[in-house]
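Presented below are the structures under discussion, each in the form of structure tokens.
Okay, so subunit A shows up in both of these, paired with subunit B first and subunit C after.
Here is the complex of A and B:
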């Protein structure tokens, strides 16, 4: 073996963007959300659509691409796209308004509905897309360790990382429970009502097993010195890619320009 | 007698319960021996483990009277340091994965990280333990994506790496297949060779007969018998107390009742072969 285990367990990065320090990525995420909110206040067309919300989609695609995780991020975005589409349709068809913009049989889209639907769905898409970028280019354990290194209590960082990791585990467990319930004759596939009925017998064992498992996990952590008060060491070494400072400067400049631009437009 | 742990008149009761789960416990644990704890379900085996590790009452709360001593000092005096003195392995391998590590190597290293051990030392100690527990081939795998038997070996490795003198192992094979069980007992054997003190709760009585030096029998929160394995497990009347005895002992007892003159009641397969061979040679 050429590399030692200490080298092998480090997180390998494809490039300097993907390798940005996790807290820098979280800062970029925060700036990104601020930019989205600033630009969403600028409205166009007669029904006041925040069309600039669409600007963030190519920006995000560019960020996915330069991080070297385009396919991975796009795959993760598929669910968000579905959610955004549902939000758009629900808002557009449900919210009543003064003017009818479009009609499909008995369904009608009003100006207010279209505005609200567009605003909400594009914002969800952009903000969730930014989260996807952070979490697809950063390992959970990197985020946890970066939080610890920035002074966050290790218990908080443990809760953060284990919660993220447990999502996959619980979804696997829920599948096992679903299969078990199916074997006992519980209908789990079919229309919404059938699925809703299957929810209770599947959800309760999942939650109960998670609760009972939590007690043993606490004792396991106790057995491994989790609560020991001392300077803890970490096998994982977080490296800075070198682009952290320039990235932050660019973010600050963009923020200042956007705020200034918005103020000028107000005046 | 080199005593490492001692319980003096220990009584323990979980909160919000009316009955004691440990009653009048007086126990002496000798350094370097393997103790098998047996008894029917609900007899207090797991509670005994929790008391010996200090989880009861520190974690479970409840009321504990009497003294639990490690190297002559009460457990409470050790504080968090007790984790390096007494290791604990549970029956469910899944809940023993920390949930914050991506690789088996990091999972095993986690305890050492928590104690602030230098990284270079961590690497060496983890490698040694991975070899001992036969998990080196899994070093870079996700601990959640390995089999139950492998997970239990990782859980054992994660505790062994802290080099505790005493290991409390509560039904480590209850959720494992025969291969997984065998691999766990290989580790217990290796620990025994290293003169570690092991307190092992296990229902597979034939394995207890093979590996344990002493057996502690529990019933209704009390220790009803304690002593050398060959002596205790040869008593087939224990079956009336809800305790299994080894197949070899049952066979020996039945043959003895039929008139076969054997030196003693065997408790392991090897013993049985020897005893019946001798009886055969003597034409008894």
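Here is the complex of A and C:
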């Protein structure tokens, strides 16, 4: 049976975790960040490492897996891994401390450097991982709709969604323009001056075409009554997957347990 | 009588649609710079550009949204949201005062903006990240710190030189873009009239 346009534009998700309501996912994200901060206050070993920060990595992998988006999420995580590694190495080698833990030729790793590096990089890794989970399992248009339903001004939610889309569009366009300029003979490899000179002919057409596009979109939006102050109708209907309530209950229980555990350890 | 500005006027339909473009230009500029292995960030071109043609508030929103969106992949950026907001505001207010209509005033304005954003970002770099944020200049800062300089001296000296250079190049690129935009498009922005070819 042929589907109507209205049915085709709806977001279809079979996986119940992936199909959680966007607002619920954002709540889970918030809880997750709180959990990370609670556990990071528990220190181990003689140099006070917050070793429990590592717990979140298997938890995140599990979340990626049960949402059915494992490969997509892992791909998005590669950037984060690089950033975390740079932060860890730089902090570990640079920050001076009282005690030397490890020595590699002229490079020294002190106790406070190791501690700060470990703390920051694991924190960045787990928080960014949680963001990856939310944004890789949710469509941009779902986020926009959820924002609007939670009372955000429709202009603001339009700007947000349009930004997320625009980044994808422009980075694709920049590849195209760069290839086109290469075909015309613009050098993109060589010494720094050559490469710097390649920046302008790739970049200016990109911005100009984006601005022309924006001009056209103004006409489109205005002809569809975007600026009119009235109740807007929507084509997209967000559906709940049914697991929202249990998910929130689990989150609250985990939070209570973690806080209780932390308080017990304190006393 | 001098023209009175209102925030509402700044956020015309055209300006609203320029915000996503500005953010994407910021992100793609950074990507392109790293693709070409340039030792610069070039990730504020969009903020500078929107602030110059559409005023401080549009620039500030562009700056804020840039760091929110990039923060999704790199939470370090969340700490620097206010820095980009300040950069957008400073550029926008100077642009409103007409500084970017003349090239040498534009250069001075860019340097002022770079200095303000360096000073604004330094406390977060020092206190939250111990001088090392994982960005390109971190290694340079780290080398200075390892050679015995104090953390404030290392962070400020590296960032002032680097940010100023970076912002000047970004401003030059924005100038290039503005020179290519036809007048009929420029006048659709609240500050666009300042940059039309008047003859």
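Following the convention adopted for this analysis, the second predicted complex is superposed on the first by the 216 of 267 C-alpha atoms of A that agree within 3 Å, B and C clash if a C-alpha of one lies under 4 Å from a C-alpha of the other, contacts with A are read in each partner's own complex, and residues count from 1 in each chain.
Throughout what follows, contacts are C-beta pairs under 8 Å (C-beta built on N, C-alpha and C of every residue); 3 or more make two chains touch, one makes a residue touch a chain.
Not measured: the values here are computed from a predicted model.
Peer 1: Looking at the overlay, what does A:222 touch: subunit B (first), subunit C (second), both, or neither?
Peer 2: A:222: touches subunit B and subunit C.
Peer 1: I'd like to know which partner A:171 touches here: subunit B for first, subunit C for second, both or neither.
Peer 2: In the superposed model, A:171 contacts subunit C only, not subunit B.
Peer 1: Does subunit B (first) or subunit C (second) touch A:70, or do both, or does neither?
Peer 2: Neither: A:70 stays clear of subunit B and subunit C.
Peer 1: Mind working out whether A:162 is in touch with subunit B, subunit C, both or neither, as first, second, both or neither?
Peer 2: In the superposed model, A:162 contacts both subunit B and subunit C.
Peer 1: Now for A:86: first (subunit B), second (subunit C), both, or neither, which partner does it touch?
Peer 2: So A:86 only meets subunit C here.
Peer 1: Does subunit B (first) or subunit C (second) touch A:132, or do both, or does neither?
Peer 2: second
Peer 1: Go through the superposed model and pick first if A:192 touches only subunit B, second if only subunit C, both, or neither.
Peer 2: After superposing on A, A:192 lies in contact with subunit C but is clear of subunit B.
Peer 1: Spot which of subunit B and subunit C makes contact with more residues of subunit A, would you?
Peer 2: Of the two chains, more subunit A residues are contacted by C.
Peer 1: Under the stated touch criterion, which partner chain does A:5 make contact with: subunit B (first), subunit C (second), both, or neither?
Peer 2: Only subunit B is touched by A:5; subunit C is not.
Peer 1: Output the subunit A positions appearing in both contact lists, the one against subunit B and the one against subunit C.
Peer 2: Residues common to the subunit A contacts of subunit C and of subunit B are 158, 162, 165-166, 169, 213, 217-218, 221-222, 226-227, listed in rising order.
Peer 1: Mind pulling up the subunit A residues that touch subunit C in the complex?
Peer 2: 76, 79-80, 83-84, 86-87, 90-91, 93-95, 116, 120, 123-124, 127-128, 131-132, 135, 155, 158-160, 162-167, 169-171, 174, 178, 188, 192, 195-196, 198-200, 202-204, 206-208, 210-215, 217-218, 221-222, 226-227
Peer 1: Flag every residue of subunit A that touches subunit B in the complex, lowest number first.
Peer 2: So the residues of subunit A in touch with subunit B come to 4-6, 8-9, 139-141, 144, 158, 161-162, 165-166, 168-169, 213, 216-236.
Peer 1: Across the complex, what residues on subunit C touch subunit A?
Peer 2: These residues of subunit C touch subunit A: 13-14, 16-21, 23-25, 27-29, 31-33, 35-39, 42, 45, 49, 61, 65, 69, 71-76, 129-134, 138-139, 142, 145-146, 173, 176-177, 180-181, 185, 188.
Peer 1: Can you check the complex and tell me which residues of subunit B touch subunit A?
Peer 2: 53, 55, 59, 80-81, 83-84, 87-88, 90, 92, 94-96, 98-103, 105-106, 109-120, 122-123, 126-127, 139-140, 144, 155, 158-159, 162
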